[in-house]
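Same chain, two partners: subunit A is paired with subunit B first, then with subunit C.
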Partner chain A sequence: MTDYTDRLRAAARRLLGEGRVDCFIGYRRGSLPLAAQPAILTRAEQADSLIWDPSCGMNLAHYAVGRADRIGIVATGCVSRSLVALALENQVARERLYIVGVPCTGMLDAGALRRRFPGREAAAAAYEGPRVTIAFADGNEELAVAENLARPCRTCAHPNPVVADEMLGEPVASPAVPAVPEEAAAAEARSAAERWAYFCEAFAHCIRCYACRNACPLCYCPTCFVDESRPQWVGKSSDPTDTRTFHFLRALHLAGRCTDCGACERACPLDIPVRHLTSRLNAEAKAIYGFEAGLDLEERPLLDRYRPEDLNDFFK
Partner chain B sequence: MRTRYYERDAFPPAVAELRRAYRVFVPVRRGDFHAFAEWDDSVRPDFDYRKTRVPPKGLVFPQSERLLVFSTDERDPEHDILREAPKDFPPQAVVGIRPYDAMAFRVLEVNFDTPEVRDPWWLRRREATTLIGLARADEDATMFRTENYAGPFDERGLDVIVYDLGRGYLAKALGEKGEAALAAMGGDEPAADALREVEERIARAATPELPAGRLRAQPAAPELPTGRLRAQPVVPLFEAEFWDEVAAPCLNCGVCTFLCPTCWCFDIQDEVRKQEGDRIRNWDSCMFPLYTLHASGHNPRGKKTQRVRNRFMHKLKYYLDKYDRGVMCVGCGRCVEACPVNIDIREVAARMNGFGEQVERHDR
Partner chain C sequence: MAGPGEGRGEGRMSEWEPRIVTILCNWCTYGAADLAGVNRLQGPTNFKVIRVPCSGRVSPKMILAAFRSGADGVWVSGCHPGDCHYISGNFYARRRFTMMRALFRHIGLDDDRLHFSWISAAEGPKFAATAREVIAAVRRAGPAREWGKTRAQVV
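This part shows the complex of A and B:
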């Protein structure tokens, strides 16, 4: 990982220094141990503030949307997929993007990791290969990154960038992973009533802050349906019906578009499993249409194409 | 001032006594987090908790509250007339609230209880609420002290302060409401050594020495620098260049404001079902574009930077200037911990505080 940091800094320095890009989107060290903060650099001298380690989890594609300049960006598999999906939807221009690709072995669930040691305060974290060492006042804890991954990373099927202008390392093996998170898959085996109960319970403590929506790179609508007031599609109180409606609609607006990057779950302050809904729709898109969003710049988005062999049941 | 002592195991039953006269809210574990919930037979209080994820602010200022009701039925002689939604405000006790969350109500009150406007719902619920605080020196690395939070033994916002002494709890009433609650809880006179131990613990917490096994992380800005804020002229600070940089990573997600015990903004919405209408007040956030959207379509805070700036200017400058009661922050650290992109109010305060000076940027 450290050598990635060096290579990343060199790449950003070169791209900004040579005027190849106007800005470079990466991460810098955060104020808390195990935290990284997205950063948008504009000068080559800033390159040394960039870092690369398993705390770099928040999807950077979000920051490429709506920019008119030439963008350098460091991308893992999921970030690259978001960029592809955004390019297909004309939200970013591929020719103005310079993608520095990093094969990814997964990012940490920093919040869960901090909570794993109740009453002890992490003072610093150091990353060495596949391990992270967290320093506490009364000694260090060394943990395997792979065993403390953020939920979305545990089921990532595309850890390598699907498109890149340069790569910082050799591709890693793509793990065989279940298409639907385990808890959601388990719920699916149950009856409709039990599934409904599962859904209601899992989303019961949502506070409607919309962090899941805002963190999502594909949620770029200038006015989200929840913010519309004429007509008002969904009530704004914490009434459970409205909260559930928000989640249904959010998921459906991402059908065939979600790249399963997990930014929504990472941002949620209450650990609501918002990905359960979208990953279910992703599994459906794959099973019925053989489609996975954000893999191919040449393939039109699922809801934007027609093929004679598509399932046509709804015509009847 | 009544003081009472409870052995560790005797404390929950003493709190349970309050249920005869109050609705009692206690910290409960919910998945990875804690939350306040009404103590009925389905929940188990956990007084060893550190911090709830969502602050108990909603117990006085609910996230959604029906204020008024109306009918749109033209045949109804009272149609389109707003009436107050019927409800009562039974006495409630929030047991185990931490001193910073209790102080937050003091920070909030200037918005709801002013010489010109007295919000009836806030006032009645606040009046009905007794805050029984839990004092234990267990601040985490995201927390810091401000004028409105003097440390884990700050009693200013509380009606009763309960010191956790490990083997037991020592409770002290602070005023009439507290006397009444403590009388209902029973308990014994504390022994002299318990009282002495409380004094010792308070003295220890005043100096930032930390017990073994815990260590304050070294954030770029461990405290909230505010000394020069008052003197900063507001317009240049508003126009400072650093706001773009502060705002760059922000997702405008609203987590920092929804989890903040001192954020008070709300929106009022009408909802009509068939011909019955409700006028509802919901929490709102200055991080949302809709918050300032005018009916004309104009949005005076249409850009992310403007919204981020407002949050920090409101908390750290406007509030300070307008009310002269310190900053609008009790240092709970929720926004620091839960911000998905780690925007740290201490770092922003350092920039605001140092504005105009040649300040060294934190090495990061």
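This part shows the complex of A and C:
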């Protein structure tokens, strides 16, 4: 994966140098060795700060929203799908985007690694091919990247960019994708009472920091429903009902838009499985309407169109 | 508004009557409710009716707000598909409700509490029959305790 770093830097240097784009959105090494930082470059000589490794998990599409300049951006499958979804909603202009596509083999689950080595803070990480060596104060741990992937990456159906102006490598094969995502399948096996108990327990620790909302590239409303006050749909408190209402509605607002990039789960400081809700809706959208978000620049979003013969069986 | 289950001790279950919020489209189901009344069809008293211009106006957050305020059930009804006063409002609503209902069931809430129907302004008897059906289902589900907000609500 590391050789992509050189190709990525070359592409960014060329695009910025030739004036093809006004900025280039990529990743750079931040203060956390397991989570790369977004970088917005404006000069060709900054290109060497770019990196590409399995810590580049955050969704860069977020940073393309609301920009009026010509944007170069590095995109994996899920980032490209987010860009398509945003283009359909007129939040980014496809003609002002230059997408540098990278076939993706999955990103690390930094949260799971943190939990796996409790009390030990990673000081550095070296990414070499399929392995990562994490340096802790009390010694190194060498791990296989493939065994420590973020949950959405483990069953990613679209690892290759769905749209790109240039590709940095050959397409990769998708991992085995279950017909129903594992989170959704696990829920199906439970009774209603068990599902309710699971939902309450899973979201009970939420502190309503809204990191999941803020990390999501598709959450761009100027005023979020949680901030509306007349009428106030969601209370400001940490009352369990308010917290559940927030998560229910947040997920529902992503119905037919979520590309399952996992940005929400990655951003959660309390390791709440927020994809529990969105992955179910993704499965429903696929099962009922045969729809997956962000695959086609010509296809309107799920809830922005209809067919007269749509599912009608639960209407009296 | 009182929280769910308030004043309804377990020993008083037999006295419990479901409280159901209905959200009716102005052009069809509201007219049907009116017609049912004019026809003197026996109407149950469990409903609080909210009139909206179109079922397409109904947002899931309205439905959750009803539950939060202590409703035991919510029933949304509009024009038959193809008969929308605004041509396509109920078609969009149908997809939205489909996704909402899926999530509602996914988190383990009882879909006996959440009802949708298409009833035209000429279908007074269907309105009365559906109303009975909705009440029976909500009665089956019992008092809602899941989504009601029990702590003080400061507005």
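The rule we apply is simple: the second predicted complex is superposed on the first by the 293 of 316 C-alpha atoms of A that agree within 3 Å, B and C clash if a C-alpha of one lies under 4 Å from a C-alpha of the other, contacts with A are read in each partner's own complex, and residues count from 1 in each chain.
Rule of thumb we're sticking to: a residue touches a chain if its C-beta (ideal position, glycine included) is under 8 Å from a C-beta of that chain, and two chains touch if they have at least 3 such contacts.
None of these values were measured; they are calculated from a predicted model.
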item: First (subunit B), second (subunit C), both or neither touched by A:S237; value: both
item: Partner chain in contact with A:Q37 - subunit B first, subunit C second, else both or neither; value: first
item: Which superposed partner A:A137 touches (first subunit B, second subunit C, both, neither); value: first
item: Set of subunit A residues, in rising order, touched by both subunit B and subunit C; value: 235, 237, 239
item: Residue ranges of subunit A in contact with subunit C within the complex; value: 184, 187, 190-199, 225, 231-235, 237, 239, 241-242, 244-245, 248-249, 251-252, 255-256, 277, 280-281, 284-285, 288-289, 302-304, 306, 308, 310-312, 314-316
item: Complex contacts: residues of subunit B adjacent to subunit A; value: 30-33, 35, 50, 53-54, 63-64, 138, 140-142, 210, 212-221, 248-249, 251-255, 258-259, 267, 269, 271, 280, 282, 285, 288-290, 336-338, 340-344, 346-347, 364
item: Footprint of subunit A on subunit C - complex, ascending; value: 60-61, 64-65, 68, 81-82, 88, 91-92, 94-96, 98-103, 105-111, 115-118, 130, 133, 146-151, 153-155
item: Residues of subunit A defined as touching subunit B within the complex; value: 28-33, 35-40, 49, 58, 62-63, 111-112, 114-115, 118-124, 136-138, 205, 207-211, 214-215, 227, 235-239, 266-267, 269-271
